[in-house]
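For reference, chains read A, B, C and D in written order, and residue numbers begin at 1 within each chain.
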């Protein structure tokens, strides 16, 4: 078991009545227990908690009048990821995938797997199937992109990244997801808090459906998958934006943190991790 | 109540073991009762029926060895759409939308509402809110596009259509969905059978979330919304492709039909229809 | 006659042997006399001057070994633009355009007039022809875009801008050029120095071919067309980048200026100006 | 010397007064002598011949009233291409390229070398320079694309092709041009007649600037470069469309032919050919 203390502090300048949807709270799953959680606002406002779908995703909704709004979130997560020998993990057959998983084969806003299907098949279609193929895709993404903050924006897609060869964690994961779908492996986007991320921010990684469950991968290699506290999952980053604003809100300040009091987490020799 | 007899016949040439996912069966909803339904294959194969999500969407899955495969689907649908006075239908506030509906505000593969948000807001942001605003968006789409079979393909997006100004039913609906999301109205894609469609094919329309429920719109005006038998719904056409193939299957023949034995359905004066 | 003193100062950090192509010198045309011109480098290097095409465009080429390179350009330009009554200026017929002008009807890198042809025709095809139609296009561009530094980059195209509705001078001109070509009016991009530009930088405007000659337009309205000292012209910004680098050069500092010692130039009531 | 008999027959339905710009006539160059040339129309119309630029490109312009228009072009070309040993052909340095050649380093409508520069550099930047590098790029294009008529259209760009991995001659050449520019080699598009093309049509190939002159390459390998009769050259296909129409003209029939009465031309072992 790994304990991770997480939190964030957001300050907004609100100019007119605004609805804020926040996806910043750790999700509750079989592998992730959330303790000592608090989400507070100043000024004090009613914060509605919504459960989205069957996977433990949560959303907080606030209706805010013009003000300087400060939000503070903190929690402590206990992670007990399933850890397995990667060599034994095969791919699932389309005939045996649950219907809800089939959805993660569809192309999505930032993961145009229809457009990149031929490329994926040409590059990765002939490889041995299983965990190792997803790992090969993530390695390819890692080796062919240059991690360059500011080189992409919120509308950058996997095909943009494949052409430009630069991006950040969001872009790395989008490309890996797209290439997995392109060879017939369901894949989805995970937002979360990551220990020791530098500079500190929310993190974006991906999961692939293999052998009947979801496995976590981080094509950036900038944080340990053993130290990831999951916020939410979706088809791509469009589903897990940390804040969606209807109205007018300017983000003035954002602090994000994740600390592991006891453990030393390494990005080397990441094992196969199932967390969902 | 309107009765519609629907069906389709698909012939595939299957070259190697293939998994077929079909989305061709009418969904079961409060407003749509499905009778005398049959889906048969020749050669006779096991056809698995999967329920997807809570909205009555169904999927049929077949594992097929090399052969000439013929699929026949038929059913009779009883439609009892809710019909309302359009003037009274207001927009829902973001603060009161159910979490599952909020998902339909996100940009998706063919509906890049993030990219077109400013355009939508500039063109439609100042209009009176309510059913009439969605109708105005659909009218704008109808008036600014030219219905041109062959001018688009399966990867054409709403922004492509906005620039090129041509498309088919799928493209009209994608653009209308995108513009609705752009002004803050949840919207989704509906596939179905439409009476009197010429040439006969599956149809694609859209729904907008207004005043606490979904309302149906057809920006093409080529069929009556009162004669639409719903197959499925999703964020855009990526979610409701009539066939998804893993393997090698060539479509040899496709026939689609929808007939209303008793009624005369008109595309003029379409009322406000809630069907979901 | 208007006299404008122009100049720029560029500092580069050169890491390995590099070839620099500079397009920063005022061109020599019938309407623009260049006096007291100097281009110097520190360290002192051989600077080759190339004439490009028949229109007075010039290019300076330097081969540079690793160093801190400072370039200083200055000149004084005497402008005698042709000024005309706009009402009398008609459009040229395709049958009478010189072959070299026909080239400016072709789509180019940042001006996809093939893609936006239908949009242009729908929006501006029915208008009265002549100078007034180009002015209407420039007004439309001005009114529908928001001038937002940082919202676009060096790869942003006219269709991007049409969708996103934001940009800078380069983007405004690209969109106006594209829309002109879309309705059959040859149009091209002009880089230059503009008096009173705030913040000071190179400027980008456009020219349309009307009634047998080129007329200058500035859809941004941020500087007077009477105070524009032309550097070069091309199909779009791809042809007139102020610096093209083969090797490795980092721009450390850029200063650009243009001053009119005697005149007061106004952006109001800009007359029809032919400068080429 | 190779003699090639070429020609084409075009039939248009003209609905209203229309201006046709044709680029179908063989160009006159040092390596290509054109004999027995005729271009006739029925009904008989005035056909204006325009010279474009200094490279022997020609354009024919017709003003046509409503009619059924038939155009017949034929000529006989004598080709004496320069043939060289490929191993000796080096790349030119940017410092020594003529200014007019530098233009072919710029990105253009269908060849977004700015967008694909990093990809080109990563894939081909480290290779030995010279003729062999351009040949490697053409081989890569040949090996990674599938020749699929109908998979692209007149607006498809090199980056589209790089993602989709299918195309026709135009697309193969656009991608090869883009990748050459991406590693610093000037490259341009050539339209022409090709002996033994199947099905018969105009052909599109490319030229790269090496060692002080242009060399011809055909990444499709579907015709011999020794049997290419050049029509025109440009930055990409935008510059050499065989017909540009202002008005309304529907192409009813198109026949294109190129025959070599005496020679057997092979696509195997194509030598290095300079033709311009």
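One rule holds in what follows: a contact is a pair of C-beta atoms (placed from the backbone, for glycine too) under 8 Å apart; a residue touches a chain by one contact, two chains touch by 3 or more.
The structure presented is a predicted model; accordingly, all values stated were derived computationally and were not measured.
Touch-path distance (fewest steps) from chain B to chain D is 2. Using mean Cα coordinates as chain centres, the one most removed from chain C is B.
Work out the mean CA point of chain A and of chain D, and you get 47 Å between them. Centroids built from CA atoms put chain D at 30 Å from chain C.
Note on chain placement: the centre of chain A and the centre of chain C lie 44 Å apart, centres being C-alpha means. For chain A, the set of residues touching two or more other chains reads 115. Inter-chain contacts occur between A-B, A-D, B-C, C-D. Residue ranges of chain B in contact with chain C, taken from their complex: 115-116, 118-119, 122, 144, 159, 162-166.
Residues 19, 21, 50-53, 59, 61, 63, 93-95, 99-100, 102-103, 105-109, 112, 114-115, 154-155, 184, 238-239, 244, 246 of chain B are the ones that touch chain A when the two sit in their complex.
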